[in-house]
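Quick one: structure below, then a few questions.
By written order: A, B, C and D. Residues from 1 in each chain.
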Amino acid sequence: MPPIISTAVLLWSCPDKKGLVSRLANFIYEHGGNILDLDEHVDGSEQTFFFRVAWDMAEFSIPRAAMVEAFLPLANEYQAHYTIRLNTEKRRLAIFVSKYGHCLQEILWRNELGEFDAELSLIISNHPDLAYLAERYSIPFHLVPVTKENRAEQETVQLALLESAQIDTIILARYMQVLSNRFVERYTHRIVNIHHSFLPAFAGGNPYKQAHDRGVKIVGATSHYVTDVLDEGPIIEQEIIRISHKDSLDDLIRKGRDLERLVLARGIRLHLQDRVLVHGRKTVVFD
Amino acid sequence: MPPIISTAVLLWSCPDKKGLVSRLANFIYEHGGNILDLDEHVDGSEQTFFFRVAWDMAEFSIPRAAMVEAFLPLANEYQAHYTIRLNTEKRRLAIFVSKYGHCLQEILWRNELGEFDAELSLIISNHPDLAYLAERYSIPFHLVPVTKENRAEQETVQLALLESAQIDTIILARYMQVLSNRFVERYTHRIVNIHHSFLPAFAGGNPYKQAHDRGVKIVGATSHYVTDVLDEGPIIEQEIIRISHKDSLDDLIRKGRDLERLVLARGIRLHLQDRVLVHGRKTVVFD
Amino acid sequence: MPPIISTAVLLWSCPDKKGLVSRLANFIYEHGGNILDLDEHVDGSEQTFFFRVAWDMAEFSIPRAAMVEAFLPLANEYQAHYTIRLNTEKRRLAIFVSKYGHCLQEILWRNELGEFDAELSLIISNHPDLAYLAERYSIPFHLVPVTKENRAEQETVQLALLESAQIDTIILARYMQVLSNRFVERYTHRIVNIHHSFLPAFAGGNPYKQAHDRGVKIVGATSHYVTDVLDEGPIIEQEIIRISHKDSLDDLIRKGRDLERLVLARGIRLHLQDRVLVHGRKTVVFD
Amino acid sequence: MPPIISTAVLLWSCPDKKGLVSRLANFIYEHGGNILDLDEHVDGSEQTFFFRVAWDMAEFSIPRAAMVEAFLPLANEYQAHYTIRLNTEKRRLAIFVSKYGHCLQEILWRNELGEFDAELSLIISNHPDLAYLAERYSIPFHLVPVTKENRAEQETVQLALLESAQIDTIILARYMQVLSNRFVERYTHRIVNIHHSFLPAFAGGNPYKQAHDRGVKIVGATSHYVTDVLDEGPIIEQEIIRISHKDSLDDLIRKGRDLERLVLARGIRLHLQDRVLVHGRKTVVFD
């Protein structure tokens, strides 16, 4: 086993201005950081600057506890939003599910293989059906049945579970309920959903049925951040598969499962590696 | 040059009933036809039977002039719709264009290579911009400028041009006008349009702008039959391409041109080879 | 639950001759079979006829026990090879694995979902590593460690296991040993392997390493039947994924896992649904 | 028309060392250059640093004539290879063709649309067949018939044509001859070829025939730099298309044309935009 190299990632966005890359690269270099990876993008129409840089912490002179503050003067100067994270600080995940297990199964399996480099802390469901999967992988499973009547109370229960487990990111793995704004506000751009269509086509319910009825020749899946407007959040990743008149609705659902698993897994990985910057209703994805 | 083998294609749809394949295959066999290719599909939910069969005419005992009538008793028995065409009977095409030349260029080029096996008879445009392309390939070009005021009259001119050239199929190669029902009724399921999005996403105007604003990670193009509802006709073919935040609107337009050319060409070829059966707002494509 | 409809599938190949479709369709129709699905293909260069037909057994007048014999006179007349199988006769599968679990995991999961419609009877491995997965899904696991020295004896053990479990089809799910001809002869065109490259590129060992060294922009995976020549068997299915200079060898291995799982699963499904006909070193796949 | 913004592009590779990004970004910033786009990549196994940066020349204080020299001290310090080009300095292209016109047609068409931002200076062919296309687009066409006997002399003629037209980059658009080392040495990593297979599969002659015989389910095309080993040069771009048993060799050739056109065009564009760095037999493509 090689020694684990500690790496820092800075995600940064601000109005574009001359010298930004130079200033930021210099700041890291001057404090002993060796830049491992750097990506930048300037949105042409709005002149916004997006930046991701990863550097080796081995000889970096600023201690972790002081890092956020250390970048503050630069951030103030450029009116920037920024986050800093070390790869050794594993994010804590909560998975929300209902009855379909394929996305959960995929996440559990990839997590077991170490593809996500995160702490899968708990699973919350409104149905007991998938408890067996949670048990198989020894992840705490919380049954929180939500009805029209008890929704507000049960959300309070869910939020308390998230809080007490210090959850950083929520994954909606075919969770068949809409989360209220209490979640969206608390976990802004930290709730990743999978929608089983090529958004914005077939938003809303039963997208495979809609696709089958319309006779499209290709179906898709979309992973996106959840916002307060259903199926309108910033898109992280999409993928498609070709279908034909031979495919029944059941075939679409079966083929779609493969897409959903893949697109959700890719979206989660990109998010967890701090490769996604949100820009209005769009994303910049540094992959 | 090998001698041209004359091939007949029967396209057939009717309510499903036992023995249909056997009856149709037998009929052809008994009259000396050697079946070269056969496809069938039964729509599960509506129990409709779709059928395409191609056979060698070399020893077929029914002369061309009597063929349609020869199938009539069977068609009546099964309440079928059917068409028969010989590959030696080239379809006559009209292309409608406005100012964007890429789809027209692609059609002219593929036609020159013999990919379409049709007679490209005339080009109609509401702008003079692409006359040079028509001239380059020696195809008659008719300028028919359409305005809000003169639309009905100019459509009469267009319809007369189509009639006098005995046009079978109309291709809308980025024609920026909506054809009225006079065309749709006269050329039902014989007008092929290219829409520069992955329908039903981004129907209507400026689909690349819509896609750019929404921040999708994939864009598409769709070839479909024109019906009386805009962008709602039965889809023949779709294809997609991956994009990213780096792609400006101009990049989308540039990348989209490649898609449009390909998807329209495929749609035309499938139509011309009698591989498309329309079923409500959907298609059965025997490729 | 709807009543299970019993369906028969005939796979047939013979030298091409006029009237084949008609004769075969008629034979089924005359004995009360309602054709549900029919595909045919004539290989142009060698004039070989390939045929797959599925029919409803509800009113078919020939009992199962007599069906093979019933088609014999036709088969003799046309010098045909043919097989008949009912969908109610589940095939019995053996999975061979070594240390990589992703393909096995995928098969177990899809089998649990009912995608394969087969009996997953046993798992054979030369390493104990994946016994836990077999246990998780309650499939018998047999450890048969193979070395250079004991290979012939251990193959005898393996063949006895297969025989006693009445195995019909063997799946090599990243089994890192070459099976001898004793297997290939006994299970001709019934051993499905996954090779982790886009064959014929990067045959042999370490295909991801080879791909990484060559600097290709796309990697692939291939499911194929095993023959006596390594990585040269008839290809059932292939799929690819785009890569870039950013992808390390580990990234290729990670991305490749997704491909391998998908391509093997598709290959197994096509085989189990009797959709694959072998033709020399090629396949006809009626999907 | 907006005023043309002059942009400089620096391509740089050297052994990796701490502070490289900072030093290079600073150098540009200190001389008044506004960085528009920056990409870097460190090859993990060999510790080589690859860098591409584009900056606005509007306020850059070093005149064009002195720019190469200005970067020399830095380059010496880091043992770097580097090139600098302004977007206003259009590259001069020569296209080599034989009898197949589809790739030439595509280049001419895209060039007309302004996709390449280069000067298409001349076409050289060993056959007269495509002279009509050159004439259509008013590009000088030189017929230089090459035989086994006259190859060395005719290459001298070709090289003189290239020299006198100050050609920067050669495109082999299905040129059916192998260029000798005299070309490879003179235009190292400036000769772009299209090979009509998914390399390294089906290198050499008749790749579609090879693919058809092998029964692959996917075919591809590859654009690459020409080196002294046939079909072994660094790959710039690849793309694939799905095929089936229904596709005859002619179908493969027809479908392959679409791939070849696309993959060659993408390869040319990437090369012309200075987005490709060669690294041994591999490329780093900053797209």
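Criterion: a residue touches a chain if its C-beta (ideal position, glycine included) is under 8 Å from a C-beta of that chain, and two chains touch if they have at least 3 such contacts.
Small disclaimer: the values here were computed from a predicted structure and weren't measured.
> Counting C-beta pairs in contact, which comes out ahead: A-D or A-B?
Result of the comparison of A-B and A-D: A-B.
> When the contact pairs of C-D are compared by residue number, which of B-C, A-B or B-D has over half in common?
Comparing residue numbers across B-C, A-B or B-D, the repeat of C-D turns out to be A-B.
> Would you mind pulling out the distance in Å between where the CA atoms of chain A average out and where those of chain D do?
Averaging C-alpha atoms per chain gives centres 37 Å apart.
> Can you compute the centre-to-centre distance for chain A and chain B, using the mean CA position of each chain? Integer Å is fine.
42
> Which chain D residues touch at least two other chains?
Not one residue in chain D touches at least two other chains.
> Tell me, which parts of chain D touch chain A in their complex?
Chain D reaches chain A through residues 18-23, 25-26, 28-29, 34-40, 42, 242.
> In their shared complex, at which residues does chain D touch chain C?
It is residues 41, 43-44, 50, 198-202, 213-218, 220, 234-240, 244-246, 248, 279, 281-285 of chain D that touch chain C.
> Sort out for me which residues of chain A touch chain C in the complex.
Residues in contact with chain C: 102, 105, 109, 113, 115, 136, 254, 258, 262, 287.
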